[in-house]
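In the part that follows, the structures are each spelled out as structure tokens.
Here come two complexes built around chain A, the first alongside chain B, the second alongside chain C.
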Partner chain A sequence: MSVLASTAAQAIEFAAEAELNADDAKATAGASSAGFAYGLAAIGPGIGIGYLVGQAVQAMARQPESAGQVQTTMFLGIAFTEALALIGFVVFILLKFA
Partner chain B sequence: MTALVQRLEGPSPAAQVALDMVKRGLPLVPVGMVIGAIFAGFNGAMSVTYAMMLVLVNLVLSAALLGWAAKISFAAVASAALGGYVLRLGLIFAAVWIVKDMSWVAMVPLGITLIVTHLGLLVWELRHVSASMAHPGLKPRTPRSAPRPVAAGRR
Partner chain C sequence: MFALFAAEEGGGGGLQFPPISNLVEWPNYFGDGTIFAFNKIGLISMLALLIPTGMFLLSKKELVPRGLQNIVEGAVEFVDKQVIQSAIGPDGRKYMPLLLSIFLFVFFGNIFEVIPTFQMPANARMANPIILALTAWAMFIAVGVKAQGFSGFMKSSLFPPGVPKALYLLVTPIEFLSTFLLRPFGLAVRLFANMLAGHILLVTFGVLCIALWQKSALAIVLPFSFATLVGLTGFEVMVSLIQAFVFSLLTAVYISLSLNPHH
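This part shows the complex of A and B:
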């Protein structure tokens, strides 16, 4: 009888440990997924902003008289492109902290 | 080569656009607070306010960086735009990281407000800018004393 009791206790202990490990694994996977989501979401806007600013600088250098207009549209373009990164960031904070 | 020596003199157009957006955004803060309070109570109102402030500060910082760089050279604008992008993403991350464990923070309203405010203000401003570019007569009048932005330093 005591052997049965000790086996049952060991089984319960093992199950609790396995559950703990599963929780740990889930938390680790969640954290790394959130990090990947944020990192990957920042790549596209980075490329977009680089291209946008490169073209805008080229336009300003070619036509300095329209530099003001080009800078206005460039600023709005940068902000719009950055919205993509912000969406990635929001997904990150929702996955990680919410 | 000219991009390395050319610079923009006069008021920064980016700063003007950003200040315009702040002027439009600030009156919306109480509205956002009320909407946040309706959906998520006190925590929602506080989180919405924090997110709206974050968006406005982000836009002003972006414009300030670009305006500062435009006075150096157009090439500096490119550096400031990309460096500023990374810097501001880091600052937003830090700003959210600092408050994440505070009792008044509700992450869902904060996240939704970040996106909605940012996109909403931009769309609103874009309509204004595109209208004034297509029809210059609609453009708000600037004071006569205010200098216009001009490119300088071309060789």
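This part shows the complex of A and C:
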């Protein structure tokens, strides 16, 4: 009887340890994949915003009289492009802290 | 560098980044557990509501503006020129109250990020941006229904002209998703994530400066780190303004798309 009880206690202990390790593993995987998530999400919008602002500067240099309109459209484009990187940042927060 | 900290402290401690809940969650001032619970976010939101209102009420209406009236008129003129005239056109003047309120509320909610003793943007909690985004969402739907009628608005937003009939099977769900779900989601997440990212950035450099201050050997890099912190604070002021501008501009663009669908 006592052997059975001690075996059960050991099994519970093992299970608790395994659960702890699983939590640790999950936290480690979450932390490392969080960095990848944000890094990968930043590539596309980075290229996109660079291209967008470059073209806007070119347009403003060619036609300075339409600079105001180009600037507004540029901010709109940046807002839409940047949204992808920001969603990546939210995913980073969720993976790292939630 | 961090390994050096750890070695000096004997393995533990060193540069401790606070958990995220310490950065964005604030204790209640009063009303714990009731619906009247009031914390720092509520205080900042109230101030963001009251400061612009007070500015408008206190400024004198003279022909030649002086002092406070200059700032108020500057704000109105900025929203009129940069947001309304460039996105909607001359007939968008009647949306001035909504767009100006959104602009000023978002800006004053954001600017508390760099004001000492507050140091927290109200829009870094999802509650504020989501309500603002839902307001914009309800507004552009209402404007569209009023301008084109319900079926006309649905037709112009779900069935864009110039697409082959068979493709509507594919286009309509995408248009529905992007117009009615992704627009408010994008508005809210853009503001929220920008402000949260800026807040975390400032906290990171603040924590780094404090950690360097306590270490005699590494204090030599403290000036650089502190200069970066000051520069980033200026950058965050700019981000606050740009996010307020972008939020009101996107609301205006959505309203104008509801008004004239074929542009």
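The working rule: the second predicted complex is superposed on the first by the 75 of 98 C-alpha atoms of A that agree within 3 Å, B and C clash if a C-alpha of one lies under 4 Å from a C-alpha of the other, contacts with A are read in each partner's own complex, and residues count from 1 in each chain.
The definition used in the following text is that a contact is a pair of C-beta atoms (placed from the backbone, for glycine too) under 8 Å apart; a residue touches a chain by one contact, two chains touch by 3 or more.
The model shown is predicted, which means the values in this text are computed figures rather than measured ones.
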Superposition on chain A - do chain B and chain C clash or fit: clash
Partner chain in contact with A:E65 - chain B first, chain C second, else both or neither: first
First (chain B), second (chain C), both or neither touched by A:G44: neither
Touched chain A residues, chain B compared with chain C: B
Chain B versus chain C as contact partner of A:G35, first or second or both or neither: neither
Partner chain in contact with A:V57 - chain B first, chain C second, else both or neither: first
Stretch in clash, chain C with chain B, out of 96-104, 168-176 or 222-230: 96-104
Overlapping contact positions on chain A, where the chain C interface meets the chain B interface: 68-69, 72, 75-76, 78-80, 82-83, 86-87, 89-90, 93, 97
Complex interface listing, chain B residues touching chain A: 2-3, 6, 8, 10, 12-14, 16-18, 59, 62-63, 66, 70, 74-75, 77-78, 81-82, 85-86, 88-89, 92-93, 96, 100, 107-108, 110-112, 114-115, 118-119, 122, 125-126, 129, 133, 148-151, 154
Complex contact set, residues of chain C against chain A: 19-21, 82, 86-87, 186, 189-190, 192-194, 196-197, 242, 245-246, 249-250, 253
Partner chain B, residues of chain A touching it in the complex: 42, 45-46, 49-50, 53-54, 56-58, 60-61, 64-65, 67-69, 71-76, 78-80, 82-83, 85-87, 89-90, 93-94, 97-98
Partner chain C, residues of chain A touching it in the complex: 68-69, 72, 75-76, 78-80, 82-83, 86-87, 89-90, 93, 96-97
